[in-house]
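We just call them A, B, C and D in the order they show up, numbering each chain from 1.
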């Protein structure tokens, strides 16, 4: 279905469930597939509750387990299935081949150790080096991420750093062992725009220098457009759309992606997406988004989530929407009304399937 | 902007928090969270206040309606100074002004049902007709898109977006004329943000409500505000009509903020002017223009012609030298590591053992200074100062640098100038008497218009 | 987002969306409220709270009267020092009030007769429990069901709760329908039913009651738990001890909760020197070795049940106040408090409606720790012989058997098991309640 | 930092004074039974009651005004003269030095063991939350917290003393002492030693604190005071560790490839150690001080708790006040120490900001 050559990380049909007290399963991730190419950035974008963070944590199995578990699916890194390796092997992958940075720099550093100690720990866990060598490496890393006077600051505690600097320290820590893949989970969400710009620029620089692949998790389409090579749009544990960043932004195919883009401030549409996420323990049949979709037709609520169909015959860009099935007319979504939500009547148009004319005229 | 017609006018509002230390808790300093801001809000107008976290915008919100007592300043509401109000008058004033908050989850008492929460402003104002109160609450809930039956439900049964709508209903219960919204949507998903904003916008139109929106998100402000004030370290650096401010920002800080927003367009990559460093401590704000420590457009002293980023590096070095914070040991260690095997282990490196020229090179490297500055007179001063620095004469180096590289931005607090009746800005760049020749101004314009 | 709330959107999606979208425009003004009229009118209270206030005032008057007669007019340390004053207070003054009479130095009320001081406290505690605990649960069935669903997951706690209810009912009813066990010569040393002991352990009268044959006596159902060394019925003693333990635990905890919550809320709301003084005092109080203080106070003031409850109530609150303060400090910064202030609420409203309900977790946590510890402390004091000598409590029974461990081992063991199980149940219950109402889990379902 | 310590020191002295004052006044309010007895006795013997009372008061220094007695006690206390114990007929200082070792004999091992075991179980159950082990540990801790120490002691005495006969029902404090009455770690003595009165045997037996006989009689008190200690420590350790188990930085550590064991020891225990140390010294110490009264009464151990109890019952003023002040000082000093430790251990707390 997609290009398998030159793939660093291949996530195939990944499911992550969380067992609740009542014995039900919360299907946080429910069949997700995507790839990350070496040296490239794949961004997973979605709202809160879409399962994007759990997906990223499932790669190195960082989610709390129990109650979380992976009922099926594979995560292949360099031909090795990470869901099947032993705990010891997983530990050498974590921080060695795959590193993480998290959303909240405030909490991600242990408050009672110096930053030097924490970077050193990352180095010494994976490399057989002396403490002095590890220290030197720490200074080097901190200098690279742009912390001035690194060798003095090594002995400072996290609270002595500002939010942006903390995130730099965390990046330094993540890069300690030259990972092949860096998973960045909303690394700039907790930061001011100005600091966000600094961190994004830094990440781009470092990625180029090291030819490192990046999996970037974010809810901000602006950030996606800034950093990503490929985009995966997630909704309610499923992939809605996948493709190269240019294609996805120029020809957003899935109605959900289109709605998300509409919501951005400055895009004119003070719309929003009516409705709520489906129940994660008992998702409805058919497309997870059908309930809120202005283009939903009857077949959208039948069977499972639609396959990822090619958009406009480019194999790299696919959307999980029945309108893109070979027998259907994608024009319904692509050329039809793009005022997905501004009329506030999203639900009533569910049955109609066809947008009304006046709305179409109003837009563009 | 005559005060007689303004609904709400704030003049020179200050809110300082004392810092107490020692055995008797004597005051040793003050956090100047809000340090003299002035603005007015007309009926039916939406004004936005934007700035980075820690700039004092939330404190401004709470002290402008006396939820915290302001340290100084006048606040007129309908021509009456509310700082003079007594308890009773203040309670009456609370009917006219309401607030909504950032976090929908903590905006509601988890142990009070939604009906009571929305009715609370009515109850505490003494409205004890229960029948009618229920009618009003039901009506309000329906207006914000919920149902009257939701009255008996508890906050945790609603989603974030719904809660923010209920917060709006609560704020409107007493039919206020001014609404202060502190980051009303920043805790919400994008798809829900716009719904809430739309609702605020609608009520504003319908009820002739005046709104003050506090946000760190320029997108939000752009969406619903008529005028915008940009705040930095307790002060307004620029105030103007939204349209004008976004298309023709005058203050370098406004420009930096605008350019830092990632655009959802992959063809336009690259985040423009990058602000270095963080917001300084409001307990010890920089002299002169408070933004000069991070400003990408600091005005060089006369006769020095350097590229802006080099000039900034010089300024940074100078600041560190004056504060005696240049750690030669550390620089030597970093330099040694980068130089590789030549120096054995990091711990063995001592700054004194290293050849002066080499150390100077490393210092330049650390402070991102080229080996030779473009401007010869500047280079002369710099190399003299560096020479003094590495030979241990920090004070002399500081003096040398201060003498030559002092800029008007750190010396003088820029006045707030009106560019048009509605557009005010506080920056030396807009002051012809400071910038002098139009050349340099054009230079800055040119630098800005060309993306990096 | 009207369409977001799932149950309602299905009913009338179009309706609500028009209300939000277009309907609002036509009908722009909200209802006009005549604030001037409202400002001039005083506020009323609900019927429920009026009834409660009446009960509390009647209670306070009667309790105050009893205290006055007992400690100012009656024969006590205080009255010695109030000599001249006492002369002026002729008992006939009390008798002159219709329906009241003096009975052996106690005020006798119509219907209820003489009520001892500790019983006054016990009654108001139970009333308060109904008003602040049971009534809200009854009025809020949704919330009740929600808490119950979470609570019942913890089986141990449900069993504990049942056990405590049973203990309470048996103790409460039992000590009213039976009389206190009295020592009876010769009836001593009877073993519990089914247990045998050498007959020389059993008193002469007891030998007739128990099944004695061949130098061995076996207990019978007449004294199911056997008797003490002085011939008291242990079964009756255990039943009376149930009420004592419950009363001391609940009443003293209630008293300390009221003090602790009051001081914590006022300190947090007003801060400044009130806070400083109150919590400096708490520092000192907590530094005092508590058990030492109990010993000292009980020894110096005397161990009547009323005094015991007061001592526990007035000493135990410090830790609770500290916990509540730190909780309330966090709550104080919550936006809903600010919102309430921004709406013009007065301090009392904010404290009662916002701060108090939201520190209820800490209150319950604290109560669940305090009740068992007070029960244990009372038992320990009784064990040392410093409890109320006129009442039979578990600690006293345990002490009775202590010198005859080798032969009459059941005297210490049986009440001890009840004491242990009661304390254990309170601990389990408290833990489950804490879990059930922990707001961190709220909305999880 | 120095201002902070100075402030805390001043406050500690002030608090101790207040407590002393309260104790002093309370003791003074209590009707003196010794005095009543003297008066009664004098009257029954047909002498003047007043005279006897006066003589008694003079003997005990009670004839002076309250304030004078108070100041002289405080000055004496500060100078190391802690007064005379009428109950024990020796200086209070000697009573303390005589009794304290017995409290420590079971108290110290019990604190150490329960800290180690409690902490280990607590951490284990926090890391393995909601597993069977966790539930078992939780149940055990409830058991330990709920069981009344003194009753448990009695029950153990019934079982191991009365029924099984493994231990003696009476505590023999002479076993730890030499024939002269001095404490010794380990030694031998023949049948003339006061501990062996009534026993006839040849040769010598071991005596002293570490002698098997002494250790045997210490097992039960140590165990009883341990149950509560382990349970309390376990609850606190578990609760504290749980604060950090889901912390973001633990996830970060995990993502670096840190092993589970190392995460527990380095990343969870270390930050939890700060609040735990507070609990350990503070409440824990209090637990033993309180527990010691009843344990010593039940087992008949002549320790500080028993002395304090006897002092109160017999209105031995000076001894009461000193036994009140000893734990108070312990608590105050350990509070101070732990606050300073807090500052030292937890880099987040800047002492400059504390008042």
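The rule is short, and it goes like this: a contact is a pair of C-beta atoms (placed from the backbone, for glycine too) under 8 Å apart; a residue touches a chain by one contact, two chains touch by 3 or more.
Source: prediction; values computed, not measured.
Student: Would you mind naming the chains that touch subunit B and likewise touch subunit D?
Tutor: Joint contacts, listed by label: A, C.
Student: Which chain pair is joined by more contacting C-beta pairs, A-B or A-D?
Tutor: A-B
Student: Taking each chain's centre as the mean of its CA atoms, how far is subunit A from subunit D in angstrom?
Tutor: Centre separation, subunit A to subunit D: 57 Å.
Student: Please compute the C-alpha centroid of subunit B, do the same for subunit C, then give the distance between them in whole Å.
Tutor: 53
Student: Whole-Å distance, subunit A centre to subunit B centre, using C-alpha means?
Tutor: A distance of 30 Å separates the two centres.
Student: Could you tell me which residues belong to subunit B and also touch two or more other chains?
Tutor: As it turns out, subunit B has residues touching two or more other chains at 159, 192, 195.
Student: At which residue positions does subunit C touch at least two other chains?
Tutor: Within subunit C, the residues that touch at least two other chains are 1, 3-4, 17, 20.
Student: Could you please specify the touching residues of subunit B with respect to subunit A in the complex?
Tutor: Answer in residue numbers: 52-53, 159, 189-195, 197-198, 201, 216-220, 222-223, 256-257, 259-269, 271, 274-276, 278, 327, 329-331, 333-334, 337-338, 345-347, 366.
Student: Given the complex with subunit C, which residues does subunit D contribute to the contact?
Tutor: Going through subunit D, the ones touching subunit C are 11, 15, 18-19, 22-23, 26-27, 29-30, 139, 142-143, 145-148, 150-151, 154-155, 157-158, 161-162, 169, 286, 289-290, 293-294, 297-298, 308-309, 312-313, 320, 323-324, 327-328, 331-332, 335.
Student: Using the touch rule from the top, collect the residues of subunit C that touch subunit B in their complex.
Tutor: Per the touch definition, subunit C meets subunit B at residues 1-5, 8, 16-17, 19-20, 23-25, 28-33, 35, 38-39, 41, 43-44, 142-143, 334-336, 338-346, 349, 353-354, 357-358, 360, 439, 442-443.
Student: Please give the residue numbers of subunit A that touch subunit D in the complex, ascending.
Tutor: Checking each residue of subunit A against subunit D gives 60, 62, 64, 66, 91-96, 99-100, 102, 104, 106-113, 121-122, 125-126, 157, 159, 170, 173, 176.
Student: Taking the complex as given, what residues does subunit D use to touch subunit A?
Tutor: Residue positions touching the partner: 130, 246-249, 251-259, 267, 270-271, 274, 345-348.
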